[in-house]
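Letters A, B, C and D mark the chains as written, and numbering starts fresh at 1 in each.
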Amino acid sequence: MSDAPIRFAVVGLGYWGPNLVRNINELPGAEAAVVCDLRPEALETITRRYPAVRGTTSFTDVLSDPTIDAVVIATPVSKHHPMAAAALRAGKHVFVEKPLAASSEEAADLIGLAERLDLVLMPGHTFLYSPPVMMIRELIASGELGEIYFISTSRVNLGLHQSDVSVAWDLGPHDFSILRYWLGETPSHASALSRGCIIPSIPDVAFINLEFPSGTVAHVELSWLAPSKLRRTTVVGSRKMVVYDDTSSEPVRVFDSGAVLPNPETFGEYKLTYRTGDILSPRVEVAEPLYREIEDFCTAIRTGGVPRSSAELGMEVVRMIEAVDASLDAGGARIGISAPARVAA
Amino acid sequence: MSDAPIRFAVVGLGYWGPNLVRNINELPGAEAAVVCDLRPEALETITRRYPAVRGTTSFTDVLSDPTIDAVVIATPVSKHHPMAAAALRAGKHVFVEKPLAASSEEAADLIGLAERLDLVLMPGHTFLYSPPVMMIRELIASGELGEIYFISTSRVNLGLHQSDVSVAWDLGPHDFSILRYWLGETPSHASALSRGCIIPSIPDVAFINLEFPSGTVAHVELSWLAPSKLRRTTVVGSRKMVVYDDTSSEPVRVFDSGAVLPNPETFGEYKLTYRTGDILSPRVEVAEPLYREIEDFCTAIRTGGVPRSSAELGMEVVRMIEAVDASLDAGGARIGISAPARVAA
Amino acid sequence: MSDAPIRFAVVGLGYWGPNLVRNINELPGAEAAVVCDLRPEALETITRRYPAVRGTTSFTDVLSDPTIDAVVIATPVSKHHPMAAAALRAGKHVFVEKPLAASSEEAADLIGLAERLDLVLMPGHTFLYSPPVMMIRELIASGELGEIYFISTSRVNLGLHQSDVSVAWDLGPHDFSILRYWLGETPSHASALSRGCIIPSIPDVAFINLEFPSGTVAHVELSWLAPSKLRRTTVVGSRKMVVYDDTSSEPVRVFDSGAVLPNPETFGEYKLTYRTGDILSPRVEVAEPLYREIEDFCTAIRTGGVPRSSAELGMEVVRMIEAVDASLDAGGARIGISAPARVAA
Amino acid sequence: MSDAPIRFAVVGLGYWGPNLVRNINELPGAEAAVVCDLRPEALETITRRYPAVRGTTSFTDVLSDPTIDAVVIATPVSKHHPMAAAALRAGKHVFVEKPLAASSEEAADLIGLAERLDLVLMPGHTFLYSPPVMMIRELIASGELGEIYFISTSRVNLGLHQSDVSVAWDLGPHDFSILRYWLGETPSHASALSRGCIIPSIPDVAFINLEFPSGTVAHVELSWLAPSKLRRTTVVGSRKMVVYDDTSSEPVRVFDSGAVLPNPETFGEYKLTYRTGDILSPRVEVAEPLYREIEDFCTAIRTGGVPRSSAELGMEVVRMIEAVDASLDAGGARIGISAPARVAA
């Protein structure tokens, strides 16, 4: 590919669309050329702010524009598969807002399509580009935390209720993608309890238990109905523990604490001692994850590499959500998640 | 009963025993007469501090002392049933540290015995006498919070690992007794995920989901392995929400927030609005729960009434723990909890 | 004045300039017509973002443009007086970033000029338009807090060191304008201690004591050198107390606490009791203060009224800073602040 | 001195007295032999708890008891000098609750007396034995913080109003002794602003500015009238900064942050950069300061050494309070504190 800037079309100007346009325009080597939305007033807001951007209400128009290299799909989940598939078939690289698709079948179909056509397909799991999440991934991968015993995470806040999807489809992709990235494995089992408090048919609180092949267990609490914003993830390892709070000025705190079993041979004794140590809040780089994410997408387009937020990771996230739904359908039963199906190329 | 002080024997001088002795001695109308423990040095520490208290290593000695009105059992759980049963048979009122017994059969046996002998049997669910817990009970009972949608609670801290029981038997009685007291109902279903991180056979972290007949759902996270002390309970109601933090200088915070569904008839619309309101930290009375608890026990002895921490509530707590164990034994399956068996008198 | 929009020129495109341009453009009835800065690249950034805005490096050009109604001066303090005076003489309404001028003589001169020419002169004390500050003003004015005993405020943070002015001139206007607005009076005395830690000639930490005619005392701590951001103001009244923290999600907290002197006649007894009560975090409206401030400026232009951040208040703030400087020059001596000189019209 | 335990008399059973008795009794090599108070009920409470302790209402009785080695004076400040002097003259080592005396003359008199009689005289500046205070002293002494630019400290809380002394005499000794211990120097100048909010003649809030010979400046805010407990001390050094909060579970936090002046020669440039780094909460040993303090007193008695909380330090603290009073008497004027007078032996 030449050094010419990658020309983007951004489809869907809800919450994420305008942010994506801004970041694309700030990125050297990229430019937002077209925005597409059914609402003329949404188009006008953007084109007035960015006079060089063309607005259109026609997705066909976007697909048939030969100057467009990449399409960003920021529409409701149900539209992800048809629009992404059409864009891939039109020869465009595709970035899809999370979750990648509304089912693992749809996700596998998109992945197969992108592989056959040699195009980049990338889901927008933005948290994988967040400096605190990356730092904790490094703490885990380097062994500094030791064996990961368990992870407990809460993502709750009043508001942002979605009328079309459950809280698991809405907020779950955040935590599931982070867990997948940190641990490098997909859970083997999931079970869940949820309730539609406001609208009975739409779960707005969910308590999700996950078991990973390595032995790590995790709990994920999701809710649109909570009195105060809470983004707290605790990672308990055999050597150190980490608390990650997205909303804090100290987003990563490393606790040099743990339990020590002096002589593991004599389990009968169980003379445990506890090591309480220093607490470190490492300086975390300040960077806009969305910018880094678009940058990674562009690099993948230019080099043919695989972005950190890969389509395969996106499909694993969808499979995790499907397992949660299956557990809820079965009254909270523990659902096995099969090993990832090999995607047919 | 006369106005003579109630004379207590305290059996077991571990963590709770000395605190119980102190509170009994501070309570008008009660006196600690005898302490019993197998370790002479534990007896000596107490009798030196309280010269009027007699020490003995013989439980039989305690039972045969006709001047003793009430026996406090603060021994490991496995001893609760045999010692409480023997004390009841010796005609003593019995206060047992939580949990009431090691199984619901044992608990039912003790309850039947106490009813037949017309003696008070009371488990030590101290949190029911904690001012913040009582205040939240009142907020729920008065309807101020509206319908209780869900409750999420975390009780975690580094240390205090028990070698003989799981974290569910050790820490579960706190949250289970509070939930039972607040909601006035026993869950219909439980499911759980746990792991023995340090000693594989002893679960030291547990994620527990509970469903109540009224529709309320709850999540209880328990752990001996967490980087920082966390005692946070969130109660989400249809009108208001409450955050309870035992370790805070503002233990009860009432959030006048909620979701509003303007026209419930047209569910198809789902035009939710969110009401964000004031946050109130009501002044909470400062009082030692253990003192109030012993006081309630003495009142029950004098009046023949039922203490707030009743034997029936204690048995429900044991049944909840048993359901958690059953779920863990069944690989996390959702376990039904039958309606409370009527205790044979 | 007609209904035509008020046309603004914004002079100085440092930190505040671009924010002012954005808010002016978002305000109905106002438009940013011209931006002026000596740096062509600063002009280009703005004019690319707002194609309708004209850029110029010539202040004379701004003054001679008959279509400009109002000039915003966002330049270094030393330029405030000459530029504001020139703009007033050119018949423009003038908004000057805080502090109003580099001396009370300069401030009085500008005020006299504006009065003679019947133009609006307004200093940019933005905090007076911040919802928490307005709410506390109302709590004080309504008598809900009782007599104001004392106010203690800290405004510290690492960074933002200014090379041309002291921390008192840089950060002082925030707290001084808030105190003036809340209490409705200018201090009678000031004393201060400061130190130039990094550059000896430029004070970067200051501890300032203020005495008000009503008896209220205040302490203001200012620093560019502090380990963590701290914006905490405590207002202690005879009936209630308030903590204001600009950086918190609960910026205003009202404490229904106080000391009670049961029988003030028998001072010899001093049997004080303390009343500890509820703590309330009232819901505080979310609004951008800068928008409200520009709106108030426009209203003053249209109606001939006096904006909340009045030129007189701006001059009082300058007199308070001068008193601090005088105290520092006199080795920390307590400096009397004379009653406000009547501005010659 | 022999290995026989040091026998103590504790005079004054208000707040500190009973705590001192408990710690003396827990310390090997020390025993509380006599307690003295004018109120028989106060004596009875102690002697019932500690049957081996003898109670007396007669101070003369204490002085004439030849078996008493050391006297602890925990009476109101005005009694410190006469009682300590009498005890020294009776040949007893003396521990006096802070402040050492009601004036520097009185303090100097006691010091001279102790030196002549070769007895230990020690003021009870308990904070010098608090692990966080000791850790920060080491951080300063080792140079890890660099040059100490400034220290700002707040010690405020609702309640504990004293009817006989000002807030400076009541709370000032804490901060003044800590500053003296940390910096190893007495301020050269003090100025203060205070107000008697509740009782006009008794200052209950004070803002105190201090200047030290080394260039360090400090601010001390003291109040009995504040909505919430605040114990926050910020130490800003040229290399690192420390926040000390006595009430936090992380009492010491070290900020590896600072301002960097790349080329100090070209002051005209002032191109400062800020270094934001890690934040460390070192593990702080848990220990009861009062126990360590009594232990240090006993060691001084046995070895003839000087305790950390020395009489000289105690006198410097009194001189600092006197300077505050002098400043208040002079309307807030800046008061010079002369170099410590050499105590006549």
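Going forward, a residue touches a chain if its C-beta (ideal position, glycine included) is under 8 Å from a C-beta of that chain, and two chains touch if they have at least 3 such contacts.
The structure displayed is predicted, hence computed values, not measured ones.
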item	value
Most distant chain from chain D, judged by the mean position of its C-alpha atoms	A
Same or different contact residues where chain B meets its copy chain A, judged by the half mark	same
Centroid distance [mean C-alpha coordinates] between chain C and chain B, Å	55
Chain A and chain C, separation of their C-alpha mean positions in angstrom	43
Length of the line joining the C-alpha centres of chain C and chain D, rounded to whole Å	40
Chain D residues counted as touching two or more neighbouring chains	228, 276, 279
Chain D residues touching chain A - in the complex, by the definition given at the top	250, 256, 276-283
Of all residues in chain B, those that touch chain D in their complex	49, 51, 228-229, 249
Complex contacts: residues of chain D adjacent to chain C	149-150, 152, 154, 156, 158-159, 161, 163, 189, 191, 193-195, 197-199, 201-202, 205, 207, 209, 211, 215, 217, 219, 221, 223-228, 234, 236, 238, 241-243, 253, 255, 257-259, 261, 267, 270, 272, 274, 276, 279, 331-334
